[in-house]
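Order of writing sets the chain letters: A, B, C and D. Residues in each chain are counted from 1.
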Amino acid sequence: MTKNRLEAFSDGVLAIIITIMVLEIRVPEEPTWHGLLTVLPTLFSYLLSFVYIGIYWNNHHHLLRLASGVNGGILWANLHLLFWLSLFPFVTRWSDESGFAEVPVMVYGITLLLAALAFYILERALIRYQGADGALATALGRDWKGKGSPFIYLAGTLVAVVQPLAAMGVFAIAALIWLVPDRRVERFVGDGRGE
Amino acid sequence: MTKNRLEAFSDGVLAIIITIMVLEIRVPEEPTWHGLLTVLPTLFSYLLSFVYIGIYWNNHHHLLRLASGVNGGILWANLHLLFWLSLFPFVTRWSDESGFAEVPVMVYGITLLLAALAFYILERALIRYQGADGALATALGRDWKGKGSPFIYLAGTLVAVVQPLAAMGVFAIAALIWLVPDRRVERFVGDGRGE
Amino acid sequence: MTKNRLEAFSDGVLAIIITIMVLEIRVPEEPTWHGLLTVLPTLFSYLLSFVYIGIYWNNHHHLLRLASGVNGGILWANLHLLFWLSLFPFVTRWSDESGFAEVPVMVYGITLLLAALAFYILERALIRYQGADGALATALGRDWKGKGSPFIYLAGTLVAVVQPLAAMGVFAIAALIWLVPDRRVERFVGDGRGE
Amino acid sequence: MTKNRLEAFSDGVLAIIITIMVLEIRVPEEPTWHGLLTVLPTLFSYLLSFVYIGIYWNNHHHLLRLASGVNGGILWANLHLLFWLSLFPFVTRWSDESGFAEVPVMVYGITLLLAALAFYILERALIRYQGADGALATALGRDWKGKGSPFIYLAGTLVAVVQPLAAMGVFAIAALIWLVPDRRVERFVGDGRGE
């Protein structure tokens, strides 16, 4: 019951974040293919942020599925994660409107980094609540993706100092790594059939 | 449980898409009936997009109802569908603000086409997961509407090259075809009583 | 299950409608009490639309509670209702920005009228599905509020021709009538204790 | 069932309120660290309002968890609370755009005060429905936080007359008091393990 409401609220917030970003996309000035080309970088950054929110929804879903319950600390760890994710529309817009300038892209990377740390904190809080021999601790195992991705975001943020567009490429690659579904958890709960 | 959360998240995203489009409608410049007339094309394109999102919610609902479960691939097939649907407010606004110019209307049609393909991919992923003799495969049968509508969107997109407003008419007719409820699935699950 | 998802989607749409209207409220130009006074009509029209969406959520909730199931026709009757309700932010903004001019206030009233008719159509569809001797038909009985309020909206719309602000008063009174909870249904399902 | 739908609707509204505020954050004019500095007050007021909505979601969640059911009066007490919370984006934006001038900050404090009173009214309505010896009355006990915080908001509002920025500090401290999870209820329902 409590867990369900946490999921429902998170789903609501994530659904809104993923959707309102489209309100930010400026309509091309000319109604031509060339006009569409001029907003392609905007569409690309929208797609990237869409995929990141999708990844977080996916991982959040897998995480909560194995969780046995929640307490006050977990509720706040979850809100902390949602806070950083809620800044995505802001940092996406800033990066885009600045033409992917150095500082906005660095801020984009830092937001990715802080969201990843917030996810890690939530994960630890859930494992601590369930116990080290619970389903969550077993399923996550060494969790190299969760532990590795903050370093990629940090690397991308540093790359932005030299070449902001290349940094966006790094963030895109980090997203692709996550797109590979989290088979560890899936195998554990046994629905990794087919696909 | 997993299926429920997929539905809940999709419902959230679709509810937001269908609702935020109204934020895009410009208020008429004069507070007169004539002023209202000038925004009628806007209201018409809002209605059309509202109906399309409604159709997708409806079909999504029927589809998931017969699905037996979801896996990582299905989650991403679903997000892929939501991505194209999330572009509706953007393409609706562009078509409208350009006074239904050729390219924006073509982009509207292409978005309809890609959303339809995404729905088809999701359908296949669900059937593959359930097996070819499952309720879904049986209920959908030949699925002429699902297979036929991409061709209508393609036709409308091509019509837009010559006459964009006629293309909007084609898209409106394609919507009307979908408005006929999906009796196949309904009959199968046995709640096609009355109505 | 089907009924639950219909409720969840409607809840989502209504929650968004009721909430995004606040985005429309312009911030007062001066940061003074006088500045706040200048946006009071805006806040009043926001409150009125908030109350109306609240009334519809409330009535929708009571209605669906007694419903035994839904079919394709009911899904579309529900979307039809949501469409008219989704126009509330638009008509509220137009009425407000025009300084409550005649035509925008009439359009506000007509939207109230069409939403009320859409609710009636949904009610009939649900009763038809359940049967004339079902819980819904019995609980609603003569339903004088449901049948009477369209006439109040019509009267208000006509009053707007002469005196738009008086029409807003009529709509506010009609809202107050609905604020009296629907005791018929509540008594029937037996949770009218206390309060 | 009824309680669930009340929770779902409230979750939806709170999720939207907490998320749309980010749409209000203006992008810095220059793409530099200095540009980011100029929007820091905006980000701070966004964070404060995010935390307040989070607190209300948290408390609402604990409150409803112990509630045994709802009636028409409770539905409206809940909508009354949501109304004041829905004004947060408006008062946050006004405070921020005015550079935290006296009147907007006072209006921020008054909105906090009215939301707190609305929460108290909802609490009373739920306790009255359940009875004075129910789980809710027992768990809440003397509820010094619920009864005390309106006085803090009132104090902050008065401080704003002299020093608006100090008032924002008072509101921030009041939020920190709430961040301490509501151990009374948690202990009662017995999930205060770990953490």
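Criterion: contacts are C-beta pairs under 8 Å (C-beta built on N, C-alpha and C of every residue); 3 or more make two chains touch, one makes a residue touch a chain.
Which protein is which chain? UniProt says A, B, C, D = TMEM175 family protein.
Fair warning: this is a prediction, and the values are worked out from it, not measured in the lab.
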Q | Common touching chains of chain D and chain B | A | A, C
Q. Given that chain B is a copy of chain C, what angle of rotation, in degrees and a multiple of 5, matches their CA positions?
A. 90
Q) Using the average of all C-alpha atoms in each chain as its centre, how far is it in Å between chain A and chain D? A) 26
(Q) For chain B, give me the residues that contact two or more of the other chains. (A) 8, 12, 15-16, 20, 23
Q. Along chain A, where are the residues that touch chain D in the complex?
A. 1-2, 5, 8-9, 12-13, 15-17, 20, 23, 69-76, 79, 82-83, 86-87, 89-90, 93-94, 97-98, 101-104, 107, 125, 128-129
**Q.** Residues of chain A touching chain B in the complex
**A.** 7-8, 11-12, 14-16, 18-20, 22-23, 25, 27-28, 31-33, 35-36, 47, 50, 54, 57-58, 61, 65, 179, 181-183, 186, 191-195
